[in-house]
Each structure stands twice: as structure tokens, then as C-alpha cells.
Amino acid sequence: MKNLVIGATVLILSLGILYAGVGLEFGAPPFTDMDDYFVSHGQEQTGGNNIVTDIVFDFRGFDTLGEATVLFTAVLGAGLAFRKRREDEDYEYE
Amino acid sequence: MFFNLPFIVAALLVILGITTMLIKRNLIKMIMGLALVEAGVNLLLVSIGYRAGGIAPIFTSAPDGVMVMPTVQAMTLTNIVIGIATTALLLSFVMVIYRMYGTANAEKVRKLRG
Amino acid sequence: MNMSKIVRSAANLLFPFILVFGFYIVLHGHLTPGGGFQGGAVIATGFVLMFVAYSYDFITGRIGAESLHTTETIGLVLFIVTALVAIVFGVTFFTNWMLDVGPVLNNPVAFGPNPGDLNTAGFIPVMNLAVGIEVLGALSVIVLYMLSGTKEEI
């Protein structure tokens, strides 16, 4: 019964995702207004030649701030998982 | 015939990842499935931004020609770094679970919890 | 446990070149393909090579997880402070304030395809450096934590 449910879920998901993948058109994106603006104005507004870096650090700076915060939090979590425990610390895992 | 082969490959990667997460019971293999889904999403994002015959969106000694879309490449960069962070955090938790329970099988761990 | 002498010699030989290549990618992030994240990942690869070649006790005796974590924190603080200084000049958070103030990193850009000048792009090189050292610290210290997890008993 459980295998049947998993198989049905995988089948439905596969059909849906494949239908979406086949329907897209490669090589001609439909909506390009924002990217056209970045390519034509990014150099004069930020001064950098690399448009991707201009977007990452200038146009979408808040995005990069959140990304750096996520990386920092992941490092904090890994450090907490492997911290050195004191001898008299009582911890129960069961 | 396969004019949109990159999208089909991205869809297949996502399907393989979700299937792996559903049918495998080892925690490490479930994380491998999650990494496959991330790879599929990255491929989808980069493929969406491609224009036929386009060059990279960098003006340093650039040849003539239309440039591909830069925003999706920036989002892919964000996605890669966040994927690395979450994968490392999940692997750390799996190591802690293995040390506490002696197994990385999800069902056995759940039975131990009662 | 140290690996063999061949591996250690090759790691010693490769490590400075990996550092130079990584910082090249970081500092030229606004001109060529690359940037803070990619260059930081390259430098972290060099650190992980040293972790693999030498033993855990040798590495923690030399560098320590605390200093790598401090490096990461310095990068994040430099990133936020560089974005916050924009408020002093009366513009909003994350505005490219170095383009209007001072002669540093402020050469005019030739629009369209050009050979590239390192002294342009306002605060983007500073941001690249900040994010570069943050990613360098973060990826190295995650690998060091996971290596320490394989060592100790429960």
C-alpha cells in the first residue's frame, strides 16, 4: 500500500514536471524587460563591466545580505552540532 | 527534434531527486536527492536565461552580439551558495544522529524515538 | 594522521598558487568572470587541501577553528558596514556611495566593450573582498568542524 502511494506520487509529479519542461521554449525567453534594462544601463549606473556582479552586489544587494546571513547561520549551526561538551553536562538523547 | 533538451534534462534531474528522497531510507542518500534537485533547479535557471547565439554579460573585451540574461545567473549564484550551506548543515546533523543512534536509517531512528 | 611525503610536498607547492588565483578572482570580480563567492570557494579549496594532507591535530595547532570563524565574522561585518556608510552621505542603504565621493575606485567607465580598468565600479570591489573572505572562512570552518566530528567519541 505504501509503495503504491509512493509510486502514484512519483508518476503524477513526473508527468507534471515533464509537461512543464517540454512546454518551455529554449533560446528565446519571453519576458526580458528587466534584463534588457540591466544590460543597457548597468554599466553607467554602477561602473562595473561584469553585469552579473553588478546585479549581485548593487541592484540586488539585499538578496546578497540575506545569502551571507544564511551562510553565517549554517556555520553557527554546524559549530553547535560539533561543540565540545563538558564532562558534568547532562544531556539525554532518548 | 530535441529543441528544448536542457529543460527536459532539468526536469529529469528534479524527478530523480524527488524519487530518491521518497524511496530511499538512508539519510545520506536523501541528502543526495536534495542535491540533485538543487542541480536541476540551477540548470533550469541558467537555461531560461539563454538567448540564441548570446555571449556572456561581461563588457571586458566583449565581442559583438546579443547578451544572455544576467539576472538568472545572479540568482543561480545565490542558489549555489545557499545549497552548499544547507547541505553542510544537514550532513552535520546526520553525523550527530549517527553518533547518537548508531544508524543513519530514518525508520530506525524514528522507532528509537518512540 | 599525516599523509605521505609526496602528498604533503605537492600540497605545500600548490597552496600559494591556489591562494594567488583565488584572490585574483576576488579582486577582478567586477571585470572578468568571477566574484566574491567564486574566489572565496577557490581559496577554501586550498585550505581543504591542507586539511587533507596534514593531520587534524597539526592543523588545529597551527590555525584553529576560532581564527577561521573570526575571519568569517570580519567579512560579514565589513560587508554590512560598507553598506551602512551610505546612510552618512544621505542616500539609502546599499547605494553605491563610492561612485559620488572621493577619487578612489572612481574612474569613469567607457560604455560598451572596453579593455577594463581595475580602478572603477565604486564599492563593488570592496564588497567582493568582504564576501570573499567571508566565504573563505565559512567553507573552511565547516570542513574543519566536520573533521572534528569524526575524531572524538560521542
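Each chain carries a letter (A, B and C) given by its place in the written order, and its residues are counted from 1.
The rule is short, and it goes like this: contacts are C-beta pairs under 8 Å (C-beta built on N, C-alpha and C of every residue); 3 or more make two chains touch, one makes a residue touch a chain.
Values in this document were obtained by computation on a predicted structure and should not be read as measured data.
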What graph shape do the protein chains here make by touch: line, ring, star, complete or other?
-> complete
For the chain pairs A-C and B-C, which is connected through the larger number of C-beta pairs in contact?
-> A-C
Can you give the whole-Å distance between the Cα centres of chain A and chain B?
-> 9
Interchain centroid distance [CA atoms averaged], chain B/chain C, Å = 23
Distance-wise, how many Å sit between the C-alpha centres of chain A and chain C, to the nearest whole number?
-> 20
Per-residue overlap in chain B, given as positions that touch at least 2 other chains = 58-60, 77, 81, 85, 88, 92, 95-96, 100
Chain C, residues touching no fewer than two other chains | 31-33, 35, 112, 114, 116, 135, 138, 142, 145-146, 149
Going through chain A residue by residue, note those that touch at least 2 other chains and give them in order.
-> 43, 49-50, 52, 56, 64, 71, 74-75, 78, 81-82
Residues of chain A touching chain C in their complex?
-> 43-50, 52-54, 56-58, 61-62, 64-65, 68-69, 71-72, 74-75, 78-79, 81-82, 84
For the chain B and chain C complex, residues of the former touching the latter | 56, 58-63, 77, 80-81, 84-85, 88, 91-92, 95-96, 99-100
Given the complex with chain A, which residues does chain B contribute to the contact?
-> 3-8, 10-12, 14-15, 18-19, 22-23, 47-52, 57-60, 67, 69-71, 73-74, 77-78, 81-82, 85-86, 88-89, 92-93, 95-96, 100, 112-113
Once bound in the complex, which stretches of chain C touch chain A?
-> 29-36, 65, 69, 72-73, 76, 79-80, 83, 94, 96, 99, 106, 109, 111-112, 114, 116, 120-124, 127-128, 131, 134-135, 138, 141-142, 145-146, 148-149, 152
Residue ranges of chain C in contact with chain B within the complex | 31-33, 35, 37, 112-116, 135, 138-139, 142, 145-146, 149-150, 154
